[in-house]
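Would you mind keeping the following structure in view while I ask a few things?
The letters A, B, C and D name the chains in turn, as written, and every chain counts its residues from 1.
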Amino acid sequence: MKIGFIGLGHMGAPMALNLLRAGHELCVFDLVANNVENVLNSGAGQVKRAASVQELVSNGVEVIITMLPAAPHVKSVYLGPTGILASPIKGVICIDSSTIDPSTAREVAIAVHEKDGLMLDAPVSGGTGGAVAGTLTFMVGGTQSLFEQMKPLFAQMGKNIVYCGGSGNGQVAKVANNMLLGISMIATAEAMSLGVSLGMDPKTLAGIINTSSGRCWSSDTYNPYPGVIETAPANRGYTGGFGADLMLKDLGLATEAAKLSKQPVPLGGLAEQIYRTFSSQGHGGLDFSAIIKLLNPNL
Amino acid sequence: MKIGFIGLGHMGAPMALNLLRAGHELCVFDLVANNVENVLNSGAGQVKRAASVQELVSNGVEVIITMLPAAPHVKSVYLGPTGILASPIKGVICIDSSTIDPSTAREVAIAVHEKDGLMLDAPVSGGTGGAVAGTLTFMVGGTQSLFEQMKPLFAQMGKNIVYCGGSGNGQVAKVANNMLLGISMIATAEAMSLGVSLGMDPKTLAGIINTSSGRCWSSDTYNPYPGVIETAPANRGYTGGFGADLMLKDLGLATEAAKLSKQPVPLGGLAEQIYRTFSSQGHGGLDFSAIIKLLNPNL
Amino acid sequence: MKIGFIGLGHMGAPMALNLLRAGHELCVFDLVANNVENVLNSGAGQVKRAASVQELVSNGVEVIITMLPAAPHVKSVYLGPTGILASPIKGVICIDSSTIDPSTAREVAIAVHEKDGLMLDAPVSGGTGGAVAGTLTFMVGGTQSLFEQMKPLFAQMGKNIVYCGGSGNGQVAKVANNMLLGISMIATAEAMSLGVSLGMDPKTLAGIINTSSGRCWSSDTYNPYPGVIETAPANRGYTGGFGADLMLKDLGLATEAAKLSKQPVPLGGLAEQIYRTFSSQGHGGLDFSAIIKLLNPNL
Amino acid sequence: MKIGFIGLGHMGAPMALNLLRAGHELCVFDLVANNVENVLNSGAGQVKRAASVQELVSNGVEVIITMLPAAPHVKSVYLGPTGILASPIKGVICIDSSTIDPSTAREVAIAVHEKDGLMLDAPVSGGTGGAVAGTLTFMVGGTQSLFEQMKPLFAQMGKNIVYCGGSGNGQVAKVANNMLLGISMIATAEAMSLGVSLGMDPKTLAGIINTSSGRCWSSDTYNPYPGVIETAPANRGYTGGFGADLMLKDLGLATEAAKLSKQPVPLGGLAEQIYRTFSSQGHGGLDFSAIIKLLNPNL
C-alpha cells in the first residue's frame, strides 16, 4: 500500500519502520529534518521524503497516518492553511494515532468527512518499547467497516487492536483508561508506603494485594515500590517506561473532557494536581511510577 | 479441639458453624442473646453457651476466637475488667478476626503475651458470603510457627490463608489492601462514567480497560456500572456485597494508621471523605460500588 | 461619548442603562432581540439598535464594551468573520467585561492592537445587584494610561476600579480571587458544619471565627450556615446571589489557567470537582453558598 | 490566688510567668526538670516546685492549669494512676489549655465533675509570641458562671477571652477555626502562585484579593508570598510563627473529630494530607505559611 506518514518522533519512527518492513511504500514528513533522516537511512524498505504536508498528500497516498505530540499540532496538520485538508483527499483514509482530546478528534473527523475523506482516531498504548517491538495496543474510533478494513494494517504495528465505536471513541477509551491508571498508580504508591511504614515487607504486602481485591496493573505488573517486581522501572531508578509528564498530559486531557461532559472526577482531578506538583519539582522526566517519591521521600 | 468463640454476628455465626461442622467443640458468647440462640439451635455439632467471657475462658478452651465490630469492643473483651485477660490464659491461643487498627492489635497482643497467652491477628475478607461458604481470606499476623500450627483451623473457615509477618501485620495488610480497593472503586466509577458520558458503550469500555493498564479488581470483577458484569451488585440495585459504611470504616482505619505512621495518603484521605459524603446522604447501607451514584446521579 | 455595547444580558443591560443615565449615546447589539428591546424601551437616554456587530462598529463609536457569556462568544464577536475586527477600528477603545480565561483575553488584545485599536480587559464582580446599583468592582488589564483615561467611564458603572497590570491581568486577578473564594466557601461550610455537629451554636462559632485566624469573606459576610448573617442567601433558601454554576465556570477557568502555567492547585482542583458534583445533582441554579447542602444534607 | 501549673514548655512557661507577675502564688510541675528551673529562676513572684502531680494537688491549690502537648498527656495527667484525680479535688477549678480533641476534653470534664471538681477547657491561639506578650485568645468551654468567674484570670494571660458554650466547646471552636485556617492558607498559596505565574505582581494581586471576596486572614494578615506583608514569616524565610507540624496536628484533630461526628470535610482532609506531605519532606519546623513552597518550588 502507498502510505503517507507524518510525525517521526520516538513513537512514529519505529511505527513507520514496521510498516516499511511489512512491504509498504512510504512517503514521510516531519518538521524536524533529523527525524526524517533516521527513517530514510534505516535501510528498511521503500521510503521517500516529502518537502511538505501538501506534497505528501498530492503524492497519491491511499492512507495517511499522523503521530503528533498534542491537539494543536493535529489541528494544524489537518486544518491549517497548508494542512492535509487544503488538498483534495477524496477517498483517502486518514488515521490519527496521536493522543488528543475526544472533541478535537471529532472536529477533525467531521472536517475530513466534509472533504469526502475517511477517518479513524487510533491512539496507542505500549510506549516506545511497544512501538519498536510492534506490540502496541490500538484503540480505534470510526465506522466499524473502515476499522475492519484497516485492521491488518494496525496489526503490522501492534498486537491488540480494539474497536471502540464511532469517531473519537478511540480517544475516549484511552483517556478513561489512562485516568484510571494514573489514579491507581498513586493509590498503589500510597498503599505500599502505608503498609511498609507500619512494618510490612513490601514483597509480602504486594503478594497479598495481588491476590486480593486491591489487585491492579499498577500493583501486579508495574509496582512502584523498589524490590517488588524485577522488570519494573522502580528497580532501575524510575528511568525508562512512561514518563510522569506524559501521564500529566493524559490526566489533563481527562479533566478537560470531564469538564466538557460535566462529569465529576474528584480523584482524577486530584491525581492531575499531584502529578503537576511532582513535575513542578523537576521530576517530570522520570517514569510515572516515581510518583511514590513525592509521598515517600526516603525512596 | 475445644474452642471459645466470642461474637456471633453476621460474620461470626457462619464461621462458628463451619468449625462445628468440622468437629470442634465450641463454647460461645455474645452480648446479644439472639445471636447465640441462632448458633445453639442450628443443630450443628457440640456447642455450649457461656454466660460471660470469664465463664468461657475458665471452661478449658485451647483456642479463643473473637469476631467483633470495632477496636473498642476488642479492647473491652480482652483488656476490660471482666475481659479475657482477667482470667489466667497461660498457653491459650487467642485469634482476633475483627478488623481493627494495627496499633490496637499490637497493644492487645502484647497484653496477651504478658499473661503467657499466644496471639494471632487474623482479619478476613470475603464478606458474609465467604463466611457461609467457608471461602474467606485470612490475613494473619503473629509468629510464623503459631501461624503454621493454626493454618488447618483457618482452612476450615477459609480458602486463602496468608501469613503477613509479626503481630498486627494481618491488620496492616487488610487496611492497605482495602484503602487501595476503596480508591480503585471510586476511580473505576469515574473512568466508566467519563467514558460513557463521552459516548462509549459501558461494556466495550470495560472490556478495553480490563485488557489494558487501567485493569483492576473493581473494574474486571466488581464493575460499578450496571450491565457490565452480571454477578456484580451493580446489576441488583447495589444490594448485598460489601456495604459502603464498612468501606468507610476501613478507610477510617487506613487514614488513622497513616496519621500515626506519618505517611501521606492524599487519595486515601479523599476517598474517605467521598464515602462519608455518600453515607451522610443516607446511602451507607448500599454496596460500596454504589459510590458511582454520587458522581452519576442518573444511575 | 458615543459607545457601542454588545451583550445585553442580566449583567450587560443594567450596565448599559447606567451609561445612558450618565448621558452617553449608545449603539447596542445582542443576538437575542428581547434583550435589546428591554434596553430600548427603558426610556433611559439616547440609544440606537444596530442590526449587526459590523453596523455597530461602522457607526462611529469611540468605545466598544462587550459583556458576553464565555470565551467562544468573545472570540467570535472580536475575531469572527463578521466580528469587530472585520471592520477598521483604528483608535477605537475596546473594553471586554466578560469573564474569560487570561490567554484568550491576551490573544484578543493582540489582535485588536494589530488593527491599531486599543484594548482593556475589565471583568467585574458584584453580580446583577452590583450592576443595577452601579457598585461593581472592575479588575482592569491593559496600559496604565488607557486605564486612567477610562476610569471615569468605569466609575459610572462601578465603585471599586482596580488596575491589575498589562493585558489579561484583569482576568488573572478575577480568576485568582474567585478560585480563592470558591475554596473558602467550601472550607467555611466544612468548618461551620463540623463545629455545629460537635455541639456548638452556629452564631457563636461564626463570631469566634470572624475574630480569629479563620476569618474570611465567606464566613463574615456571606456565611453559608442559615441564621448567621441575616442578609446572606443562606437565609432565603440559597436563592439569588452568585449561582453555583457561575462559580463552577470560574473554577474551570482557574484550573485551565493553572494547567497552562503548570501551577499545581490541589484545593482549587478539588473545589471544581465538588461544585461539579453539586451541579450534576441538579443544584447549579442555587447560590454558590448552597454547597453546604452537599456536605450537610440536613440543611 | 494559689494556682497549680502543670506543663511549662514554650507556651506554658510564659503563661505561668504572666500569672506570677499578676501576683498569684504558683506551684509548678513538669516532667522536664529544665522547664521547671527556667520558671523558678526567672525571679518573677512566688513560685514553688512540686515533685509530682499529686504533691501539687495536695498543696491546697484553688485552680490547676494544664498546658500539655496532646491528648495522651492530658489523659495521663488527669486520669492516670498518679494523676490529678487520684487525689481529692472537691471544689478545685481545673483549666486545661492544651489543644486536644473535643471528645477527650469531654471525657476528662466528666471525670473531674464526678470527683466534685470544676472544669473548663480553654485552648489558646496566638503562639509563643502571644503567650509572652499576654495577648493570647482563649476559647473556653464549660458552664457560663465558671467562665465569668475565671475571666479575670484568663485576662492576665490573654486579650480575647471567648465563651464557646458547654464542656469541650472551647476545643470545638479551636479545631473548626484552625481547620478553616489551614485550608485558607493553602488556598491563598495557590491563588497567589497562580496569579503570579500568569504575570501579576504579587503585591497588586494581594491588594485586589484583600478588598474582594477572596479576602481572608491568610491573605490580608499573614500572606505566604514573600514581599507582600512586611511582618509575615514569608519575609523572614518562613521562620518563627506557627509551625507547619502544629498545623498538621490541628488538622489531624479536625479530621478525627469529623470522623466521630460523621461530618464530611473533603478540603480539611486534603489539607491534612498536603501538610503531611510537606512535613514528610522535612519541612515541619517551618512556619505553616511555608506550605507555598510545596506548590511553588521556586520560592
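Methods note: contacts are C-beta pairs under 8 Å (C-beta built on N, C-alpha and C of every residue); 3 or more make two chains touch, one makes a residue touch a chain.
For clarity, every value in this text was computed on a predicted model and none was experimentally measured.
Between chain B and chain C, two chains of identical sequence, the interface residue sets overlap for the most part, with shared numbers making up over half of the total.
Most remote chain with respect to chain D, judged by CA-atom centres, is A. Inter-chain centre distance (chain B to chain D, centres taken as mean C-alpha positions): 38 Å. Averaged C-alpha coordinates put the centre of chain A at 51 Å from the centre of chain D. For chain C, residues touching at least two other chains, in rising order: 258, 262-266, 270, 274, 277, 280, 295-296. Those residues of chain A lying in contact with chain D across their complex are 266, 270, 277, 280-282, 294-297. Residues of chain D touching chain C in their complex: 102, 125, 137, 139, 160, 162-166, 168-169, 172-173, 175-181, 183-184, 186-188, 190-195, 197-201, 204-205, 207-209, 211-219, 221-222, 254, 257-258, 261-268, 270-271, 274, 295-296. Chain B makes touch with chain D in their complex at residues 252, 255-256, 258-259, 262-266, 269-270, 272-274, 276-277, 279-280.
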